[in-house]
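What follows is a pair of complexes built around chain A, which joins chain B in one and chain C in the other.
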Partner chain A sequence: MCNVRTRITADRAALAVLAVVVLAVAAAPWIAPYAPEAQDLARRLAPPGPEHWLGTDHLGRDLLSRLLDGGRFSMLMAVAATVLTAVLGTAVGVASARRRGWLDEFLTRSNDVLLALPEMVVALFIVAAMGTGFGPLLIALTVTGWTPFARLARTLAYDVSARGFVEAARVVGCPPSFIVFRHILPHLAAPMLGQATLRFGQLLISVGALSYLGLGVQPPQSDWGSMLAAAQPYAERAPMGIIAPGLAIFLVALCVTLIGQHATAAARTKQEAVAHA
Partner chain B sequence: MRDHLTVDGLTVRDTARPGAPLLDGVALDVAPGEFVALVGGSGSGKTMTAMSVLGLLPQGLAVSGGSIRLGETELTTAGHAELDRIRGGRIGMLFQQPKRMFNPNRRIGRHLREPLKLHAGLRGTAAQRKAIELLAEVGFEDPAAGARSFPHQLSGGMAQRAMAALALAGRPDFLLADEPTSALDKVLERQILQLLDQERRDRGLGILYITHNLASVAAFADRVLVMEQGRLVESGPTREVLAQPKSPYTRSLLEASILQPHGTSSARNGVHAEPEAALSLRGVSKSFAPRRKARAAVDGVSLELRKGEILGVLGQSGSGKSTLARLVLGLERADAGTVAIAGTGTAHTASMCRAVQLVFQEPYDSFDPRMTLRSSLEAPLRQSPLSNEEREGRIRAAVVEVGLDPALLDHRPRQCSGGQLQRATIARALLLEPQVLICDEATSALDALTQRTILDLLRRLQRERGLSLVMITHDMDVVRYMCQRVAVMYQGSLVELADTGTFFSAPQHEHSRALVEASIPCKGLHLGRLVSAAD
Partner chain C sequence: MLKFIARRTATLVAAVLLSSFAVFLIPYVTPGDPVRKIIRSRVAGDVVDESVVQSLGQSLGLQDALFVQYLRWLGSFFSGDMGLSYVSRTPVVEQVMPALGVTVSLVTVALGAAVLASLPLGTAAALRQGRRTDRWITAVTQSFIAMPEYWLAPMLVLLFALKLAVLPSAGWNDASSVVLPAATLALRPASYFTAAVRSGMIDALSAEHVFAARARGLGRTRTVLDHVIPNGLLPLATLLAVWFAGLLGGSVIVEVIFAVPGMGRLLYDAVVNSDIPLAQGGVVVVVALAVGITTLADFVHRLLSPKAGAALV
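On to the complex of A and B.
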C-alpha cells in the first residue's frame, strides 16, 4: 500500500484530468476548431502546428476535432454498458442470493459458462450476427459484461441476508421487497460502485478494440478505436494519429480506475468503521 | 523465585481522540500459581488490559504511560521478535469465541503443532505425539480423533478445550483468559475452570481470568480485581471482596450476578397462569440433512405454553433450542407436526408471524447499521394503515414503555449501548402487539448489570401485558429468576418439563441433573448469603 498522501494526490489529479476530458468531449460541437468530417486534402497528414494543434489525418481532417467528437461515442458507449451491466448483474446476483434453489443454480452456472467464453469472441459473434451500430455493440458488451457484477452482488447479498437484522425484519413481517430495497441494496451500493468504476475502464478499452476491428461505429462517424485503426498505415509519417486517440483511451481508463479504487477503499474503510463501532 | 507478571500505572489512549484515557493507571500483579479474576461490565477496559499485555492493542490505541513487566522484561517497549517469543511461549491466551480463533481449514492437530514447533522445537511425529498428549491433558476422551478433527466438528466446549491446549502448548507461565466461558453453559464453564485450576496447581500457571460474571469465578479465584470505566475500583482477596464490597459498583455487580429466585411459582409472581394455551406444539420435527442419516435438529417436540407464563428452555448449544424457536416463528418449515397459536390457525401466515416475536442474542446484529432506530422501528408498521402521526406516536409509546429516551430514535445502532439496543428490539416486537415473546439468549451478550435491567423489563411486560415469554438460555440463574416452568432440550428432544421449583430440587433427566449441579456455587461459598450478610 503506497502512502496516503500519494494516493490522495493521484486521486485528485485523476479527477481533474477526467473532468477536463469529459467537459471537452461534451462541449465538442462548440469548442472544436473544425467540423470533424471537414476534409482538407491539400493538408493531409500534417504535423501538429498552430492551425491544426494535433495535425491532420490521411484525409486532411483535424485530429483534435475528431478526437473530441469521437470521445463522445466511446465514452457514452462505455458509460451505457457499465450502467446496464451493473444494474443487470446486481439484479441477477440479488435474485440468486434471495431465491436460492434452482434459480440460483441456473444463474450461477450461466455465469460460469459466460466467464469461460472470451469476452471479445462473444462480442464479435453478436456484432457479426446483428450488424454494427450503437445498439448491437451495447448488447455485445452487456451479454458477457454482467457476470462480474452478478458474482459480487450474489456473494454480498448472501452475507447481508445472513445478518441478524434481515432475520429481524422477517420476524416483524417485512415483505421481501422491503428487505431487498431497504436492507440489502444499500449495503451493496458502495462495493458495486467501486466495481462499476473498475469495469468502466475495461469497457472503454473493449469499445476501442471493437471499433478498431471495424465492428463499432461506421465512417464517417468516428470514435477513438476506429481513429487508431485508420491512422495505423500512416504511423511512420504521422505518429500523432495513433498517439492521440491511444493516449485518450489510456488516460480516461486510468483516471476512472484510480477513482474507482479510491472509492472502493473508502467504502471498505467506512464499512469496517461501522462493523467495529 | 519465578517471575511475576506486573502491570503498573498502565494508561492507554486513543491517539485520534485526545481527552480521557481509555485505561487510567491500571495496576495489577499476577504471581506464579495465582488465579486472579478481573471483573467488570462491558466497556470497562478488561479486554483492553489483556491486549496491552500482549502488545495486541487495536490500531489507533497506544500505551501512553505505565509499565508492563514479565519478570525483568519490559513488555511495553519490547520489539516484535521478543513479543513473538513471549506470546504463546511465556504468556498464553484464551479467547471468548474459540471457534473463530481456529482456521476452519486446518485440523486441530496442525494448529497445535505450530506452537510446539515455535516454542518447543518439536517437529513431525514428535510434535504430533505431543499434540495428542496435550489434548488428552485438557480432557479429550479420544485425543487422537480430536487431533484429526476440524474445528467445526467440535462442540463449543471441546473447541474451548482445544483452545486451552493450544494456549498451553508453549508451556507458558501465565495465561490470560478473556471470557473463555461466557458463551458456554454452566456445565462446560465449570469444566474449563477446573481444567485451568488443575494446571495452576500442577505447574504453577498464573492465571488472569477476565469475566463479567463475578459469581462464576468466585470458587476458583484467589483475588478479585474490579474495573469500571478504565480504572481499578476495587481489589482484594475473593472472600473479602464478596463479603464486604467497598465500592458501590462492585456491590451492584455482585447483586446483579446473583439473581434471587422469585419467579418460581405463579402465586409468588402475582400472576395466575391461565390454563389456556398461548402456543402449542404437537410432535414438531425438523431435520436439516434429509438425505443423510443425520440426527434431527428437533425431534418430535410437543409442548404447551400457557397464557402469561414464563417458560425457560434449557439445553446445550446444538440441542435444538434455537431451531425450535425458528420453527415457531415460521422462519423454518417443520418436517412434521403442527405449531398452533391461540386465535390463529395452524398455517404459517403473516398474522401468526406477528403474534410471536423474537428478541435476539446479539443486539448489534439485530439492527441495520445504516438505519436510524426510528426507521428500523417503523418497518413493522409499514403495512398498517396508520397516518404518520399515529405511527410516530405508537413508536414513541413503545420506546417509552421499554424505558428508552425517544431522542435515541434518531441514533444509529453503533451510537447505542448493547442494553439500549436490546430494549429497542423489545420495543420493535411490542409494536406488533404479540402474544408470545421468544428471547433467544437475549441477555447473554450483556454484562450482569444490564442483564438484570433487561430481565426486570421483561418481567414487567409479562405482568402488565399478560405476555407469554419463552426464555431460551443456558444460564440457570436466569431460569431461576424468571421462569415458572422449565423445559430441557437434549439432542433435539424435549427430555424434561417441570415447574422451576421441582426442577431445581429434583431434576429427573441425567442431563438436567448435570445442569443443576453445575449451577450451585461450590467450595462452601454461598454467594447469596454473603451478600445479604453484607447488607
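On to the complex of A and C.
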C-alpha cells in the first residue's frame, strides 16, 4: 500500500481508540459517573462542565453516563448481527460452491434478488410486522445482511475447491464434511474476518438508524441512535446532545472499517503470495 | 448474450413477484382480521356491520384460494389500482407517483453532486498515486463511509439553518430546500465513487496505449483527457446505476429528517401508521424500479465491455 509507516500508525490509532471505547462501554456500570436514568431536573440541557463532563440532556440526565450505557446496545446488536450474517452467509456460500447445480443457481439468484431490495425498507417492514426488540431487529438486519458474505464465500470456496489438496483429500476418501471443515473453511477465515469488520461498521450505522427512527431500541433502554433522535429538538441549546452520540458511532465505525480494510488487504496479499508459490 | 439477458430478466421477474407476494401477504400475517383490512383498503373506512363485511368479502372474492386472490390483486395493482390509503383515504397510486418524482429528483441531484466531487478527487488521487495528495484524498473520502446520515444531517441543519440561517432546515418548497438533503445523501456515494474513479484511472493509466501515446510525444494533459479518462470512467457508470437504484428506497433517513415528501418518507409513514395499502404500493414500486434499473445497467455494462460481462453471469 501507499506508505507503510502511515498505515501502521493509522491502524494502531484506530485499534487504540476502539479499545478505549469498547472497554469504557463494557465497564459502564462501574465507571459511569451517574446512573443513566438519574435525573437532575434543576440542570437540564446543561453545557459540558466539571459536574457533567458532556453536559445533560433535556431531562437532566448525564450525557456521558448515557453514552456509555447506550453503547452497550448499539455495539452488542451490531456484533450479533455481524456474527449471524457472517455465519449464515459463509454457510450459504460454501454450500453453493460445493454442491453447484440447481442449489447454487437457486442460492445465487436469491442473493441477486435480496441485493436489489433496499436494506432499510426491508428492515422497516420486518420491524413493523414483528414488533421492536432485540430479536426482530436482528432478523431485520440479517435478512439482507448475509448476501455480501455469501458472495465472497462462494467465490473463495470455488477457488479453494479447485486446488490440488482438496482433490487429493477427496481421492483418499475424506468425507465432504471433513473437507469443508479441515480444508475449505480455514482458507476462508482471514478474508471472511476482513469482510466482517467492514460490515460491522455498516451494521452499527444501520442499528443506530433504526433506533433513530424509533423502530430499534425502546425506552427506557437507549442507544446512540435513539439518543441522537431525542436530543435533536434541543440541538441549538445543547448541541453536545447530538454531537456526542453521533461522534461515537462515527468513530467506532471508522476505526473498525480502517482495521477491516487493512485486514482485507493483508489477507489478499497473503493469498496472492500463496497462489503464486 | 441472449442467455445472459434471459437469466437477468428471469431474476427481475422473480424479484418483483417475490416481493409483491410478500407485501400481498401483509394483511394476512399482521394481527387482526384480514378480510376487514382488505375491505378497508377498498372502501376507505371501517365497516362495523358483520353482515356487510360478509357480503363485501364475498363480492371482493376474499373466500377464494390465496393464490387466486394474489393474481387478482397483482392484476389490479399493475393496472394502476393500488387500493385506498388508510390514512388519507385517497388512492395509493396518487400518493406514490408524486413521491417517486420527489425522490428521483433528490437522488439525481445527490448523485450528480457526488459525481462532480468524485471526478476531480479521484483523478487527482490517481495521478499522484501514493503521494501526499492521494493519501489525504483517500483517507478523507474513505472516512465518509463511516458517517451516519442521521448525524451529518442534524449537524448540517445546526450549522446552515440555525446558526447561519442561509438554508431551510426542512421541507420541500424551492430549489434551496434540496441542498441539505442532497448533500447528506451524496456523502456516502461520493466516497465509493472517488475510490472507483481512482482505481479506474490507475488501471487506465497503466494501459499500454497510454504508454504508447506518451512515447509518441503526446502531452500529459492530452493523454489523460483523451486516453485515460474515457476508460477510467467505465466502473463509475455501473456504480452510478446501482446507487441510483439503492437510494430510491434508501433515502428513508434523509427524507424523514428533512421532511422531504418522497418515497422514503412515504414508506416510513406507511410503516409507522400501519397503512397497509400505502406500504404495499410503495414497496412494489420501489423494488420493481430498483431491480429494473440494476438489470438495465448490467445489460449496458455487458454491451460496453464484453470481457467484464463474462464475469457477471
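Everything below uses one rule, namely that the second predicted complex is superposed on the first by the 274 of 277 C-alpha atoms of A that agree within 3 Å, B and C clash if a C-alpha of one lies under 4 Å from a C-alpha of the other, contacts with A are read in each partner's own complex, and residues count from 1 in each chain.
Following the convention adopted for this analysis, a contact is a pair of C-beta atoms (placed from the backbone, for glycine too) under 8 Å apart; a residue touches a chain by one contact, two chains touch by 3 or more.
If you're wondering where the values come from, they're calculated on a predicted model, not measured in any experiment.
Chemist: Record, for the superposition on chain A, whether partners chain B and chain C clash or fit.
Modeler: Verdict on chain A: chain B and chain C fit.
Chemist: Per the overlay, which chain contacts more chain A residues, chain B or chain C?
Modeler: The partner that reaches more residues of chain A in the superposed model: C.
Chemist: A:Arg163 contacts which: chain B (first), chain C (second), both, neither?
Modeler: So A:Arg163 only meets chain B here.
Chemist: For A:Ala42, select first, second, both or neither according to whether it touches chain B, chain C, the two together, or no partner.
Modeler: It touches nothing on chain B or chain C.
Chemist: So, does A:Pro118 touch the first partner chain B, the second partner chain C, both, or neither?
Modeler: Once the two structures are laid over each other on A, A:Pro118 reaches chain C alone.
Chemist: With the two structures laid over each other on chain A, which partner does A:Cys174 touch: chain B (first), chain C (second), both, or neither?
Modeler: first
Chemist: With chain A at the apex, figure out the C-alpha centre angle toward chain B and chain C and round it to a multiple of 10 degrees.
Modeler: Result: 90 degrees, to the nearest ten.
Chemist: In the superposition described above, what is the shortest C-alpha distance between chain B and chain C in Å? Please give a whole number.
Modeler: It comes out at 5 Å between the closest C-alpha atoms.
Chemist: Name, in rising order, each residue of chain A that touches chain C in their complex.
Modeler: Result: residues 2-3, 6, 10, 109, 112-113, 116-121, 124-125, 127-129, 201-202, 205, 208-209, 212-215, 225, 228-229, 232, 235-236, 239, 242-243, 245-247, 249-250, 253-254, 257-258, 261 of chain A touch chain C.
Chemist: Could you pull out which chain C residues touch chain A in their complex?
Modeler: Against chain A, the touching part of chain C is residues 10-11, 14-15, 18-19, 26, 29-30, 129-130, 134-135, 138-139, 142-143, 145-152, 154-155, 157-158, 162, 245-246, 248-250, 252-253, 256, 264, 267-268, 271-272, 274, 279, 283, 286-287, 290-291, 294.
Chemist: For the complex, which residues does chain A have touching chain B?
Modeler: Against chain B, the touching part of chain A is residues 163-165, 167-175, 178, 182-183, 186-187, 274-275, 277.
Chemist: Sort out for me which residues of chain B touch chain A in the complex.
Modeler: Of all residues in chain B, those touching chain A are 329, 331, 350, 353-354, 357-358, 360, 362, 365-371, 375-376, 379-380, 382-383, 414-415, 425, 428-429, 431-432.
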